[in-house]
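Paired with chain B in one complex and with chain C in the other, chain A is shared by the two complexes that follow.
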Partner chain A sequence: MKPIIFSRPMTQVIPMLAGIIAMAGLLLASCQARRSSEAGAINAQEAAQRVYVAPGKYDEFYAFMSGGYSGQVSVYGLPSGRLFKIIPVFSQNPENGYGYSEETKPLLMTSYGFIPWDDAHHPELSQTNGVPDGRWLFINANNTPRVARIDLKTFETVETIEIPNSAGNHSSPFVTENTEYVVAGTRFSVPTPQQDVPIDSYKKNFKGVLSFIKVEPSGDMDLAFQVIMPGFDYDLAHAGKGKSKDWVFFTCYNSEEAHTLLEVNASQKDKDFVAAINWKKAEAYIQQGKYHQMPGTYYDNRFDTSTQTARSFVHKGVKVLIPAECPGLVYLIPAPKSPHGVDVDPSGNYIVANGKLNADLSVFSFDKMQQAIQQKQFDGEVNGIPVLKFDATLAGIVKSGGLGPLHTEFDDKGNAYTTFFISSEVVKWKLGTWQVEDRQPTFYSPGHLMIPGGDSRKPWGKYLVALNKITKDRYLPTGPELCQSAQLFDISGDKMKLLLDFPTVGEPHYAQAIPASILMPQSDKIYSLANNRNPYVTKTEKEARVVRNGRRIDVYMTEIRSHFVPDNIEGIHLGDTVYFHLTNLEQDWDAAHGFAVEGNRDNAELLLMPGQTKTLKWVPQRVGVFPFYCTDFCSALHQEMQGYIRVSAPAEQVALSWSTGKE
Partner chain B sequence: MKKRLNTLLFLIAAFWFVGCHSSSTSEQQAAASTETPSASASTSTANPLDDKGIGPVQSVQLGPIQSELAKKGEAIFNEKCTACHRIESRYIGPALKGVTKRLAPEWIMNMILNPDVMIQQDPIAKQLVNESNGAVMANLHLSEDDARALLEYLRSIDDSSSSR
Partner chain C sequence: MKTLRHIMAPGKKRIAHVFMLGAVISSVFIYFFPLWKITLYAPQYPQGIRMYIWIHKITGDDAYTLQNINILNHYVGMKDIDPHAVPELHYFPYALAGIIFLGIMAWLMKKRWMYLAWAFVYALLSVMAIYDFYRWEYDYGHHLDPKAPIKVPGMAYQPPLIGVKHLLNFTAISLPEWAAGFMLVSIILGFAAFICCRSTSVKEQINHHDLLPADSSQASVLLHH
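After this line comes the complex of A and B, so read on.
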């Protein structure tokens, strides 16, 4: 056997050992391949070739995975499954100081105050004409309801907006066809507006609010209006596309309006609903003034890319629409049973309700729904909202044979793919015939699945990623806490083929992917120092200085390979608060510098990209001389990149001074 | 039999080692032939003024000092270069007084515009990094016009100092 697997041994003994190990490895691999092929996979060698991205080569797709309870987004390459970056969104991030630097803290501000950690669920790419366009990525905070916008030129969070009158912002942040709106529906109905009432007055006092956030061409978000719905749980959503582009569909469970032991009490009825909202009609009603003003304080935090600083704007009050007063605004479509995901096919005609307590999938037709509305084929109403007749809107039923359907995505060949949580599988079926074409096991218990562009008008139907909740026995054990995982399937042929397992950061609720060819050319390499309008920027070493203003000290400090200016500071006293305003003077891609100062109990460190200014607050705790240093290995002289700050007792007469070098 | 097996294994291993070794050499050659631009870097024995460096600047036409351009260069120098350079004395990098007498104008501009490649491949630049204890020249992504202005500023210093 030719030992071609191992490269360039340094001695003549190692090759023989390596050869033996290689053979053992191949034997092992072939054993695993046999095991996998029983599970519907291709052989391991072929799978490895399909996902192998050679050193120095690029992946074909960017995948954005929700971090779930980490509150972040992680960026992976497909097909390799390599992790590139974690984008901090709703949680402080020790890797780059997000939520610790003074410039980024406002992004975590809410009407409740500063919230350092939330639960992020569904990434959603902005779209133009129903196709992911690579401008922004949105993601929802589930716990304290918010929606964030990430700029895909810098891969940084640039806005977070709070949703008032909402709770458990789960059916969010899905976009309309041209990103006119991002939606945010409450999972938990609550007293609206909030008030002190008995919990068992649920049916009387609790409402479900569906919010529509307007996205300006600049990307800035504004809460446009809310629709006050019955007190159900609004679980997921998707906007229509093409012919159905004026509509957004939300799944509802707990139409029983239970407020305790929902596990049993919200599973009583045979059918719940898909709520269909016509947002064009809503806009018209708002223009006609048919709205009510409801109280509700909320924060909109915007990161200004020129000042590199986030600011919080506090708003009060929101426009609300009441469906009973707005004919044609909302219809309810009965859907079996406790539906979870609601997914619209690329044509915009088929709306799939994934009834998680039902083995079958109900697929509704937008054309039939419009016809049913015209012919008033109603089956009663809820709070003045017409309920359409189930049979009048149904296009077909997929008799899947699986258990616990949760989510469906689509390829570009007229196929749909649905995860089944309880039976741990992905089922491929055909739109129109409703016939199951293939099914493959997943390991284990998939929630969402993702096909690049798979919820848009233009899926790139080459890969499918199943996002699994359980991984026991799939990886080396790491104590009681195990990773969760993604599994990559090749869906280019008739049968799905399992290619790769890879672990994810936090819980991968949902993901989106886009061809690298769209994002790569627009990716920023540096922040322009010339355009840096941070009020605390120091653009040249000559401008570096230390300024005392009462007990506040502002240190205007620069970093360039491999020194700080200033690197010796004296005249600081206990009781002072020091703000280190660091500017990285580099203008070269990947020339980052860090900053850390000893004993900073509140705010950790900074990491600065080229041309960036960030501020670290430091309250000295002790008298002495404390080092600070660069935390990012920046050059051969990185270890020399250090300095000292002297802290004196309040009574000591030490003049404020600063310097670098002898000059 | 055992000896023959050992010999065989040795031969296979040796062949493998040689094969890998030769392939790495050819990779290096390929890299060198594709990456080196037309301006030559081989100046080890020649006059340093003949080394035009490696980068976008192939030739510079010099005339009398253009004082406006030199002024612009001075402003850029004070803003961008003083983090590491002084005119009169060594700082992080070498003192710049006399540099236009020591080195070719093309070399100076290429060092400003293409420092990453220069410090890897140009013999003079490599030597300078050594003398600066490994401190590398940062690429500040200046324009060719900016680099030309900086050159004029450095020329104006050397011109005035030599005429003194």
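After this line comes the complex of A and C, so read on.
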């Protein structure tokens, strides 16, 4: 029996798309027209007061926004919209030497080699009992499939793990209720395992792999297993919670399994799917040995906070489950036309799938889904995966009147909020009644939206942030390239109220937020020098030294307000490679020091937090005396915090020597 | 008043005895609390930096406070505050142990002159200790490295003994802490024990009256005759 997928003749597609585009244009125009009238909805002064955080006061929430194609995560305060920090994750960051220092380079290692850039989309806070707990933040690398873990005590990336057999790691990294697993679904199906095959053999050779990464209580991640799915595109995911906590839901588009001109060819069927995977069952099948071993080399890079150094571990082979061999592991729920976001409400019962080429939202009921499974209300199967009957699982349809629904988040009062990309608005609707309660325009084209805890069991439903793709005419022009923007809405009342626009870094793809009261008390202020086990640490000025080992020079150097030890180094010869091992001896919050040396061709600077050790590799290019200095304005005598390193020709007889304070 | 005093009279020695015990116990507490606190505020340190002086050590808000204060002080050429270099911190705990030992002796012997002598010696040593503390402060504040990067003519950096003082960008507040309070309480209780015991002879008279029970109401009746 064929699944209920209504194919539409090609001739009808073109007019339909044209219609959408025309409607989009009209709606966009109407939004702009509406804007001036909407501005009166909330008095500008009142809005300003609500987002004003007086000097010396703190914001209520930390918001973590993905940097999109900047590969980073940016940390903002809500409601002020102030930028606090950029956490480098998948891209080198010259500002603090991330990905340049020898300690952090391993975090960017992959089976392809050193990859210092990626496209980071979905930040996800770790959860306990379905509530963000402030331990870690996970984020995906879309391009070269990876998942990173950021420690929220230090706001530093502490692990990156590569996902083999995956491509376009988009439906990632969503966590299960107690952070047992982080999932990483492939957006692109590819030959699995990779091989040299014709692209038009797609239907035969291409598969979509959904990965389950186990998270240890320590936070360490391990690739536990993968599920080999049909060759669709897996777009987004969310884990169940409460009664549905054993399940993870993935949306898929391109159930047509097209491999060219997807904008047309993957938009043919009226329904694609939500894939529901029972990870508890998967665990059981793994334990029973029902898995296959598949090749796949991948890196797991871990930053050890005691040595302040990242190490790469290379793994080979991965356990895979084939759904046809594992009854009850996966079910497919038909969902209207190229669903994008899949979001589970705080009760864990409702699964919202938004057909991005459809005007309506389909909401599925977990209870009905379980019932349909028990009663075997199937509508055929795909690759041995049962397809559940659409009507048997449907809880309700939200007739929105908008176009291009993408993502849904929830408040703590039984309301859901959905972004509409094409009609450029946020629509508020009620769970259960499926009635639209409110709608507000956004400027413009929102992708994700975020409510603090809005994808968890306990939303803090005070604010909503719409993450917009386009900002033209919202800010002072900055040439052809404009920032993206976030818009903050007050959702505490019946109607959403626009409070603030603020520009963002990179593309703020998705975001997560958590009350400041959870993170503030646990934030580290220094790294303990006493516990610094970096092999190149220099704990006191007396231990500072320069060591030659063949052509390698190791400089063990300390920094403290306002000098280096040593600050005069001689006896380096052209052809030597110098490793500056800097230790910041300070143990005072915010007493950071930097380090830069002239003519440093391959690296950036170092930025060292109190008690930290970092290593900069420097290959002298010329004979001469070159200054090095502190780059972070550390104290009253910061400008005096400098030193010299002398580089001699190989033939010169200059003995290795170093000193500080010797006139 | 006279009546009241006489009503209390038979318990006086007991009360003095209790006072003296209190004085000793209070002194023991000195080991467990800081004596003095110096707080430094500056624009860069809005939460302040606190340094605590104990009978046997110098501590701060955390393990690194002294290092941080020393880093700040080095700009004006002040010496490092190194608790190991302060001999008083080594022998003061023994001096206090001696005081406590003498206090126990006085308590056991119940001699009025011993209470007085103990409290007097204790008070004298306390004043000397405070003067010693002042001298350390003076030394730190005045004997500056001639090669200091920041030199302000006529400027000394001695923190106040008690009170508030502005030193360049810092506001220094120096105040006694709990242990200083316990020391003061000990001395007061020592003197109180002495004062309270002044009418011992009356009590002894009563106690030596063989025919009468040592009951206070009875005793007062007797005195009225």
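Here is the rule we use: the second predicted complex is superposed on the first by the 622 of 663 C-alpha atoms of A that agree within 3 Å, B and C clash if a C-alpha of one lies under 4 Å from a C-alpha of the other, contacts with A are read in each partner's own complex, and residues count from 1 in each chain.
FYI, contacts are C-beta pairs under 8 Å (C-beta built on N, C-alpha and C of every residue); 3 or more make two chains touch, one makes a residue touch a chain.
This structure is a prediction, so every number in the text was calculated from the model and none was measured.
> Could you tell me if A:Ile526 is touching chain B, chain C, both of them or neither one (first, second, both, neither)?
In the superposition, A:Ile526 touches chain B and chain C alike.
> Have a look at where A:Asp200 lands relative to chain B and chain C in the superposition and call it first, second, both or neither.
So A:Asp200 meets neither chain B nor chain C here.
> Does chain B (first) or chain C (second) touch A:Lys539, or do both, or does neither?
first
> Is A:Ala636 contacted by the first partner chain B, the second partner chain C, both or neither?
After superposing on A, A:Ala636 lies in contact with both chain B and chain C.
> Mind telling me which of the two, chain B or chain C, contacts the most residues of chain A?
Ranking chain B and chain C by residues of chain A touched puts B first.
> Answer with first, second, both or neither: which of chain B and chain C does A:Arg561 touch in the superposed model?
In the superposition, A:Arg561 contacts both chain B and chain C.
> Considering only the touch criterion stated at the top, classify A:Gln587 as touching first (chain B), second (chain C), both, or neither.
Both partners, chain B and chain C.
> Where does A:Glu46 make contact in the superposed view: on chain B (first), on chain C (second), on both, or on neither?
After superposing on A, A:Glu46 lies clear of both chain B and chain C.
> What residues on chain A does chain C touch that chain B touches too?
Shared contact residues on chain A: 526, 560-561, 586-588, 591, 635-637.
> Spell out the part of chain C that touches chain A in their complex, as residue ranges.
For this pair, the touching residues of chain C are 63-64, 67-68, 71, 75, 149-150.
> Which residues of chain A touch chain B once you look at their complex with the stated criterion?
Its residues touching chain B are 3, 7-9, 12-13, 15-16, 526, 539-542, 558, 560-563, 565, 585-588, 591, 635-637, 661.
> Give every residue of chain B touching chain A within the complex, in rising order.
9-10, 12-14, 16-17, 20, 24, 78-80, 82-84, 91-92, 116, 133-136, 138-141
> Quick one: in the complex, what on chain A touches chain C?
Per the touch definition, chain A meets chain C at residues 526, 560-561, 586-588, 591, 635-637, 640.
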